[in-house]
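Okay, so chain A shows up in both of these, paired with chain B first and chain C after.
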Partner chain A sequence: MRAAAPSCGGISDRQEDNLLSDDVYLKKISCPIMFLSPANDFHGRINDLQTAVTEIKSKAWRATCSAHHNHQDTAVYEVATQIWFDQYLKGTFVCPQTPQTELSLSNGIPVFTVRPDSSKNIRSVDIYYTQQGQVDGLKDNRENTKARFWHRATPGESGQALVAELPIHSLDKPLWFMPTSSMRWMNQSPVPGIITERIQPISLTSLR
Partner chain B sequence: MKRFWAGETDAPDYKLTTDWGALDAYHAPTRTGLNSFGNTKPTEWTLDPVESPRNNQWFICTIGARRALTFLERQPEVNAELLGVYGHSMGGKLTVLTAGSDLIPV
Partner chain C sequence: MAMVMPEELQAAGVKATLKPSSIIETFEGDWEKDWFTYRPQEWPLKTHKLYDPVWAAPAGAKLMLDVRSAASNKLVIGIDQYAAEVELSGGSEWQKITLSPADFIDVAGEGLPSWNGVMELRFGDKETLKDKQNGQKLDFGGIWQGAPPEFRDLRWSVE
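Let's turn to the complex of A and B:
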C-alpha cells in the first residue's frame, strides 16, 4: 500500500505484552501517513500523537488536529485525507511543509512564532493553546480529554513570520499549543484550461 | 447482532451485518462477551485453542483488510502500486494495523 490516513484511532491503544497494540504496528509503518486527530478525541488522543509520529519509520507524515472536536472531524480537517491521497496516489497535489515554529517568553508572556510554507495560498493561521493538559497523558481527567478548552490566538505579520502572544494565567502549568494553518489552493478544473478554486480550505497542524 | 447470529431473519429488529462465520471478529458486543481490546484467550469462536494473538478480533479484522487489498491488487482495472487505506475510529486503528503489516502477504 502506498499511503495511509488513520482518523481518531490507531495511536492510543497501548498495552504491554500485546501484539495487537498500536505501537507495535506504528513502528513498522513506512508509507506516507496523514493523522487525523481531533484535539479532544477520547479515543485517538492527542497526547499519543507526538509519540506516534516518533515511532513510525516514515518521514512523510502530517497531522490535522481540530480544536475542541471529540471523535469526529468537519470537512476542513477531513479533506486532509483527500489531498494526502491526491499527492501519493494520484500525483496531483503537493502538501505544504509543516510550519516552522518557535516559542519564547517576553515579559512573562509566551510568544509564538510561525513560519508557514507559503507554497500554497494561505487563508489564515490560528494558534490554539491550552493549559488543560496532563503530562502523564492519563485519561483520568475530563479536562485532559473531551472537555479541554483551547484558547485561540490570531498571529500578526512580522517580516517573513507570523507572531502571536499567548497570554496565560500562570507559568506554573505546562503550556500545550498547536499552530493550525488554514489554506485555500487553486486546483485544476476537470475542464481543461480552466482554473477553479476548491470550496473547502484545508487545515494542517504543526505538533509541538 | 444477536438476531443476526441466531439467524432470526423474521425478527422486526433483525439487521444484516458482517458475517464472520465461525469466528468472533466483532467489537461490541462480541460473541464471547470479552472485551475485544487485548483479549487473546481461546473460546469456541477463536482460531487457536490456546491463548494466542490470533484469537483477538483485531487480528481477524486486519487479515480481512489485507485480503481486501489483495483482492483489489488482482483487479485488472486497479493499479496495485497505488492503493491507500483510510479508516475512522476502529477503522483508524485498523488502518494502522494494516499499514504496519504491509510486508506480510495474506
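Let's turn to the complex of A and C:
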C-alpha cells in the first residue's frame, strides 16, 4: 500500500477486544493517507478523526471535511483523492499543508486564527463551528450527528494570518470548530505546454 | 476539528453573545455555504439551520418566505419526513409564502405537529416521501419550468 484516501469511515468503529475494529487497523497504517470525512457523517464521525490521526503511524496525512454533509461528498472534497494520488503515486503534485490554527478565549468571544498554506492560490477560508457536538460519552445520537448545524465565520486578514470571532450561544455546550481552506490551483494539461485551471477547488480541514 | 469543553469556556470568561434570531436566511453573500446539496449542478438545497437553537421556532410562529419564479411552478418545501407544495404564480413580483406546521404533511397525510425538534429544511422542485414500513409513497412537485427560483427573507413570524 503506497497511499490511501478512505471516505466516510474507518475511524469510529471502536470495540474492545475486537481485532477487526478501526482502532486496531489505524495503528497499522504507515502510508500517506487523506481522510475524506464529511462533518455530519453518521458512520465516520468527525470527533473520532482527531483521535485517528494520533493513532496512525504515518506523519503524512490530510483531512477534508465537508460541512453539513452526511456520508457523501461533492467534487470540491472528492478531488482530494485525486491530488493525493497525484502526489504519492505519480509525483506530479504537492498537496498544501494542513492550515495552522490557534484559538484564543481571552477576550470574551472565542477568536480563531488560521494560517493556511499559501503555496496554492487560496480561494477562501471558512471556519465552521458548532455547539451541537455530543460529549456525554453515551452511544452516538445518530440523528443529532447527521443534523447538527455548523455556523460559519469568515476571517479577515490580520498581518500574516486570518482571524475570526466565533460567537457562541451557550456556555453549557462544547465548542467544536474546524477551519476549511478552499484552494484553487493551476493544473498541467495532458497536452504539453498548456496550463488549465482545475474546475473545482480543494478544501482542506485542520483537526487541531 | 478540535473542541473546547464547557468548563474551559466558563473558566476563560467567555460570554454567550449569539442570540436567537427570527431571520433564518437573508439569501445574501455566501449564504449557500450554510446550506448543502449533493447535486451542486441543480438548484434544490437543504439546511440544518432550524435545528440550531439560534434559529429554533418561537412559540406560535409561522414560517415565512418571499419567492420569485419567472414561470409558474410548484415549489416543494420539506421538513424532515414532511413536505408542503406551494403554487408559484410566476412573473416578476415577489410572492409571500406563509406556512404553519399543519401545512406540512407526511406520507400518510398527517400534519407536522409542531416545529419543535425539526432538523432539516429543504427547498426543491420535487420529492417523494416514503414509508419504509409499508412502501407507501407520496409525490410532491414536478418538473421545474424556467430559471431557478429566487428566495428572500426566510423568517419566523409571530403575530
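The working rule: the second predicted complex is superposed on the first by the 198 of 208 C-alpha atoms of A that agree within 3 Å, B and C clash if a C-alpha of one lies under 4 Å from a C-alpha of the other, contacts with A are read in each partner's own complex, and residues count from 1 in each chain.
Quick note on the criterion: a contact is a pair of C-beta atoms (placed from the backbone, for glycine too) under 8 Å apart; a residue touches a chain by one contact, two chains touch by 3 or more.
Since the structure is predicted, the reported quantities are computational estimates derived from the model, not experimental observations.
In the superposition on chain A, the chain among chain B and chain C reaching more residues of chain A is C.
When both complexes are overlaid on chain A, the residue A:G44 reaches chain B alone and has no touch with chain C.
Contact with chain B, but none with chain C, is seen for A:P6 once the two complexes are overlaid on the shared chain. No residue of chain A contacts both chain B in one complex and chain C in the other.
Residues 1-6, 8-10, 12-20, 30, 33-38, 40, 46-49, 51-54, 119-120 of chain C touch chain A in their complex. Across the complex, chain B is touched by residues 1-11, 13, 15, 18-20, 22, 24-31, 33, 36, 43-44, 71, 81, 84-85, 88-90 of chain A. Interface residues of chain B facing chain A in the complex, by the touch rule stated above, are 37-38, 40, 53, 56, 58-59, 69, 81-103. Across the interface of their complex, chain C is touched by residues 39-40, 46-47, 49-50, 65-69, 72, 74-75, 101, 103, 105-106, 108-110, 126, 130-133, 135, 143, 146-149, 151-152, 154, 167-178, 205-208 of chain A.
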